[in-house]
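After this come two complexes, each holding chain A, first together with chain B and then together with chain C.
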Partner chain A sequence: MTISVPPSARQRTRLWPSGLVVPLGVTIPVASVLASFAVGLLLVVLMGAPLGQALSSFLDGAFGSSYAISVSLNRAAVYSLVGLGFIFANRANLTNVGAEGQIAVGGIAATAVALVPGIADLPLGLSFVVPTLAAMLAGAIWGGIAGVLKARIGTSEVISTLLLSFIAVWLVYWCVQSEHLLRQPMTSAATLPESLPIPETTQLPLVTGDYGAPANLGLPLAFFLAIAVAVVLGYSRFGFQLKAVGFNPLAARRAGFSTRQTIVVAFLVAGAFGGLAGAVMLLGDQYSLKAGFSSGYGYDGLVVGLLARGSTVGVIATALLFGFLRSGGISMEMGAGVPAALVLVIQGLIVVSVSGAAFWLDRRQPAKE
Partner chain B sequence: MIPVDDAGTMVVNRHSVADALSFHGVTKRFGSFAALSDVTVAFRRGEVHCLLGENGAGKSTLCNLAFGIHQADAGEIRLDGAPFRPSGPGDSLKAGIAMVHQHFSLVDDMSVVDNLILGQARGIAWRRAFAAKLEELTTRYGLALKPFARVGDLSIGERQCVEIVKCLIRQPRILILDEPTAVLLPDEIKGLLEVVRRVAVEGCAVILVTHKLAEIRDVADRVTVVRQGRVAAQSQTPGQDIEALVRAMIQRPLEALDPAMAMSLGISAGSEVKRRAARIGPRGPDALQIDAVTVKDATGVVRLDEVTLTIQPGEIVGIVGVEGNGQSELGAVLAGTCPPSAGRIIVGDLDLTGRPPQAFSAAGMGVVPEDRHAVGAITGMTLTENLFLDRSRVPTRFGLLRRRVMREAALTMMAQFDVRASGPDVAFGSLSGGNQQKAVLAREMTRPGLKVLLAAQPTRGLDVGAVEAVYGLIRAASERGVAILLISSELDEVLAIANRVAVLYRGRIVGECRGEPGQRERIGALMAGHSA
Partner chain C sequence: MTTAMLAVFIGSSIRLAMPLLLAAVGELVSERAGVLNMSLEGMMLAGAFAGAVGSWSTGSPLLGLIIAIVAVGPVALIQAFLTVTLRANQIVSGLGLNILVLGSTTLGYRWIFGARSRETIPGFDRWSPPLLKDIPIFGDAVFTQVWLVFAVPFIILAIAAVLRFTVLGISVHAAGEDPGTLDRAGVSAVRIRYGVILFTGSMAALGGAFISIGDIHTFTEGMTNGAGYLAIAAVIFGNWTIWRSVIACLLFGTATALQFQLPAMGVHVPSAVLIMSPYVLAFLSVAGLAGRQTAPKALATPYWR
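On to the complex of A and B.
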């Protein structure tokens, strides 16, 4: 699997004669999403499912209640964090496909620290901040391994991050299976292989403060970090350095920027975002570590990062779309008997059409003089 | 006389029996850019027809139309008087048109014969038959080629011969050569031109793209000057019309031409330039000392062998040599991107051996790399960003870029160095080659505390106007007391502007002499590896 996205593809096109100019970066994804939805609906009809019922249960699952909306938003928050980490590293032309593993080690670290006696009694919100920081550190180390391998011996980061993900996912299994690690004490043969639930004070606060609408702090945090990432990438010297190294490592090196340092830092940051996503999932939603904890969020977040094409706004928008899409899809399966995999088909169609359109646009660019 | 006409119009040739290939009002556009407009020209059997013009004037486009790589948008191409519309190179080859491209298209790991067979043989490849054919061609044209030698082991000149034999083996009626001498040594050029002559005498129409006036003098029967996609002048007596042809090419009186430029074009002896050379005396301590520098590559092959060279402030030292004799390694060592295996590099009084690139920059070393796309600039970033492509010079406040300061400084630099662009925020890749090079020069020459400027192949691929500007900038820096090391494969260029010339051969400096046109023969021999 090789994935590469040009770090910036800012183009503008004239859509209608009134002079209103819409960036192609907006029109193309929107058109792709609409077209993919149309195909999805067509598939629903072809499968013989009642269209109205499928649609209503889809909307119900995505937006039907404050609970449904909250779940979708939490999902979107995780996607956003992973996507932000992806575009950060991608600015240096690095492809971090290891968010799944970074989420997993983040979850392990967050659980472990949250269960340490005394952490739950920390004042000033430190009770959930400390586990969160631990998760970010774990994710950063996990990403940093790939960064050091790449910087030192040139290992392809696509391969190393992917393999590190497999390791991390199995680490979660090990942690929840072994009583010496994080498994809750076995009181009976029916004790599930999962960790103890984390203390309430270490849980990420809910925006509403109400478990009926369990939207946690993840999304506001993602918004804030999106702005931070946009500023760093667009307006800081480090962003300049990332871009220079990403476009042309030789020229960047000649200009005095260390390519090795850039690669390692980019991966530390991307990994920290993955770890943070893991913390948000565990401390804000699942409250105990179970086998299969990361369950594909890392890969979905990767797709979000890819589709955003380097834009933080794109990350948030795509994450929201995918968040609601997933929740709606699950509800559609239960309510109308349409397989939730249909949502995966729609997601796939969006990916193919957006990247296809981007490819076509890049080729269509007027030849240089 | 030549029918020079500023509007680009000329008397339309009536079709003559001798015309093998003729263009009639041909226009070719790329997007909104007209690469050729309304070109009418005829190539005759038995003649060498030179196409002269600056980079981007449309010479290559003309060749590519004849060879079928591009298709004309308007007008007509005729082959032996009949309309000819090749849809691809295959059609042209079938019609007897062969072309030697600007860059080699050979497989290094295969033998000469196998390279000839490539793309020619159908079914079974009879090596011996091809070898015999090759033998016959080499004796006929006086070439020296071993049929079973590996192409990778051949010299650049011999490889160019293989390219030509690849064409001749098809017995073409029209042979197109796109700047075939650009990479060759003086001796090799002479040999190649003889072959070209012989091919023409045998009745082939030869189209030779060049910007070397000496070649035109030696070999051309007819010259067409192309400027901005139009025919600017034609001459049937090129030997006598050289000056008029140059004037048509650059569209300026020759007197206004930079003397170094005039000399490297082969128009005047450049006495003006050389008067400077005498003026430079010792000016104190050396600005740059390269002391017994040796570089071995990853496989242990010695690329630079105890190179020792010192340059004084204000001095221009030229390094000449056939490409691949250690120039790239020397450039990388001096940029700080390749630490030498042995030896020392001292800039001013700082020993920089083994230090990172930023230390070289800080010591006052400016580098115009030989490949501006690979090392000198980042085409995907904006012009402003490229003008500030230096860690220590990016203006920041609290870690954030000061975009407005950068923009204003960029505008100043653009004005000072005549970098032409629609604005400082355009993509660097959208600039012309000349403007890209001027931007790289602008960045390197405005480096604070500049002591030494390494300019590697600074005029490669630039048009006459830009070349002249680059010479002017280099000379201005030298007058400010900057020591200049000019690495170039263009011998004439080095002779025109350097005070001193060193010849690099297989990683060693095999000779040094003053930069004077009279040294041309001697330097040429040294470049080819003959000891003086």
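On to the complex of A and C.
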């Protein structure tokens, strides 16, 4: 079985009256985002909440203070990293729906390594770099398993990554439930099921250096990696190899590319991005492993990757949108009593409409394998 | 474990397996026709919600059940329109619908019942069949269930028979193996796929409603809590055959029941390990460690006429 998200759909362009050319691949996602927001506003009105108050508390939560902005940016960083990993593998026509699990194992590895005695005393920033690398390795292994299965016996990567996600999420629960693993020592019956806090030196540095505006290194890192991914996908031999394998595996094999190797590497990279996202969450924001810490981030990141339609700029833009959307939604619930679930409705509408719109974007029959 | 505890344990395993069974058998039919219906979770949640609201507003759980089936129809229609007519990626549209349903039901619940309400909703009464209930110890603990439980074996038997012995069943299989050939034989693959998605929707609605009005008698936000994904895992673990999928569901139900049973027996297995186990089993089977996997050839592939 194959999942066909044609990796680089023929992008048709539409001529606007002014002569400005906007690709349909941009118009449709933007239009569906706007339409979904309109439905969201309508729902706020229908539910009888004061629209002005809802909007102002939404904006407050998203942009109201340097703290709020920082939280939104940190969220956006995680979404960006997951989205970048998604479009990387998707270039080879692989659908990685396992970011949630890759984040989870990344978080476990980052915590475990950060808590190893001695790591906190490493010089030159290695105190936080080493746990980050461990998280990337863990994520890469988690993604790589799906890649190997796909390459060796043809297991659908959608099914394997999804199952691996569930397993990883419960691994986190196990880790914080059991004192033999990462749970903090039980001093009383009220000891929370979470890990010890990680040492301060293993925390990801804050851009501002101030806990009042806790924007961490995640987003600058994501920007840098976005450029790197754009270069690799657009200009390198490996980028071409991914595209060739995604487009027509048989032709790619004839051209001398190893499809198996390409699939495995694509998944190692996508998994490493997920692991990195987990490290950024743990070392840059959460500071201790808690059950369910990754909840929803992986799936949100997947949506970001889908909406971006293969573009790194699209990943960053969508990630920022969703980062602010989520933060605003949470504040709207507290400020105006509009359930944050409204954000889920908007997000769901965006995904559903964009997935349907692919019909007009990828109007071509997938190559028979 | 005393015999009485064993009986209670068997009873709760059966009860916990029911929503999985209903949803998984529906999903099996749709996957057999080539549609990997990832929105199963959303369909179950919509069913649980609509069933709860229906039963609460009419006062009749049976009407609630019917309302659940009707309410899931639109969700299934959207899924069918997206994946069959527009040939959208089945996974993506499914996950999108799940997010949408989670958001909508949460909003709807708060709207109707207000925040943090735990209102009890009229649900099905338990009942035990005449002869079985007289079995000592087991009779009461195992066989006192809501009537839907007793209907499930018959529903499954009927589906198995249709799949195995009728033209419709053969067409469903063909739509999942080679939709082009089915079309050339004069049966519309598009119609079959629409049909199976709507059918899966009804089964998922029954499964979801079973949770809200058959078992717990209330609705909570996101109450299906991954049961839809577990049902999909059961179909995979069942290697796309109905009987193995049924066994998988019973196994998964038992694993869930063990979470509550083991601590009572003083055995300390981390509950995470038990909750994880169905997914591990499903994973091992797709990893080829449990025999060869034979998924329908055209599974998750949009059909281009």
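Convention: the second predicted complex is superposed on the first by the 347 of 369 C-alpha atoms of A that agree within 3 Å, B and C clash if a C-alpha of one lies under 4 Å from a C-alpha of the other, contacts with A are read in each partner's own complex, and residues count from 1 in each chain.
By our rule, a contact is a pair of C-beta atoms (placed from the backbone, for glycine too) under 8 Å apart; a residue touches a chain by one contact, two chains touch by 3 or more.
Since this is a predicted model, take the numbers as computed values, not measurements.
Once chain A is used to superpose the two complexes, chain B occupies space next to chain C without a clash.
In the superposition on chain A, contact is made by A:255 with chain B only, not with chain C.
Contacts of A:244 after superposition on the shared chain: chain B is touched, whereas chain C is not. Looking at the shared chain after the overlay, A:47 reaches chain C, while chain B stays out of its contact range. Once chain A of one complex is fitted onto chain A of the other, the partner contacts of A:105 are absent, as it touches neither chain B nor chain C.
Once chain A of one complex is fitted onto chain A of the other, the partner contacts of A:343 are limited to chain C, with no touch recorded for chain B. For chain A, the partner that touches more of its residues is C, with chain B and chain C as the two candidates. With both structures placed on the common chain, the touch criterion links A:236 to chain B but leaves chain C unconnected. When the two structures are aligned on the shared chain, A:263 is found in touch with neither chain B nor chain C. Once you line the two complexes up on chain A, you'll see the smallest CA to CA distance from chain B to chain C is 6 Å.
Shared contact residues on chain A (touching chain B in one structure, chain C in the other): 366. Only residues 1-5, 43, 47, 95, 97, 149, 153, 155-156, 158-160, 162-164, 166-167, 170-171, 173-174, 177-178, 299, 302-303, 306, 339, 341-352, 355-356, 358-359, 365-366 of chain A touch chain C when the two sit together in their complex. Across the interface of their complex, chain A is touched by residues 30-31, 33, 335-337, 356-358, 361, 367, 369, 374-381, 385, 389-392, 394, 396, 399-401, 403, 429-430, 432 of chain B.
Chain contact summary for the complex, chain A toward chain B: residues 7-8, 231, 235-241, 243-244, 247-248, 250-258, 366-369. For chain C in complex with chain A, the residues that touch the partner chain are 36, 78, 81-82, 86-93, 95-104, 106-107, 110-111, 115, 221, 226, 229, 233, 236, 270-273, 275-276, 279-280, 282-283, 286-288, 293, 295-302, 304.
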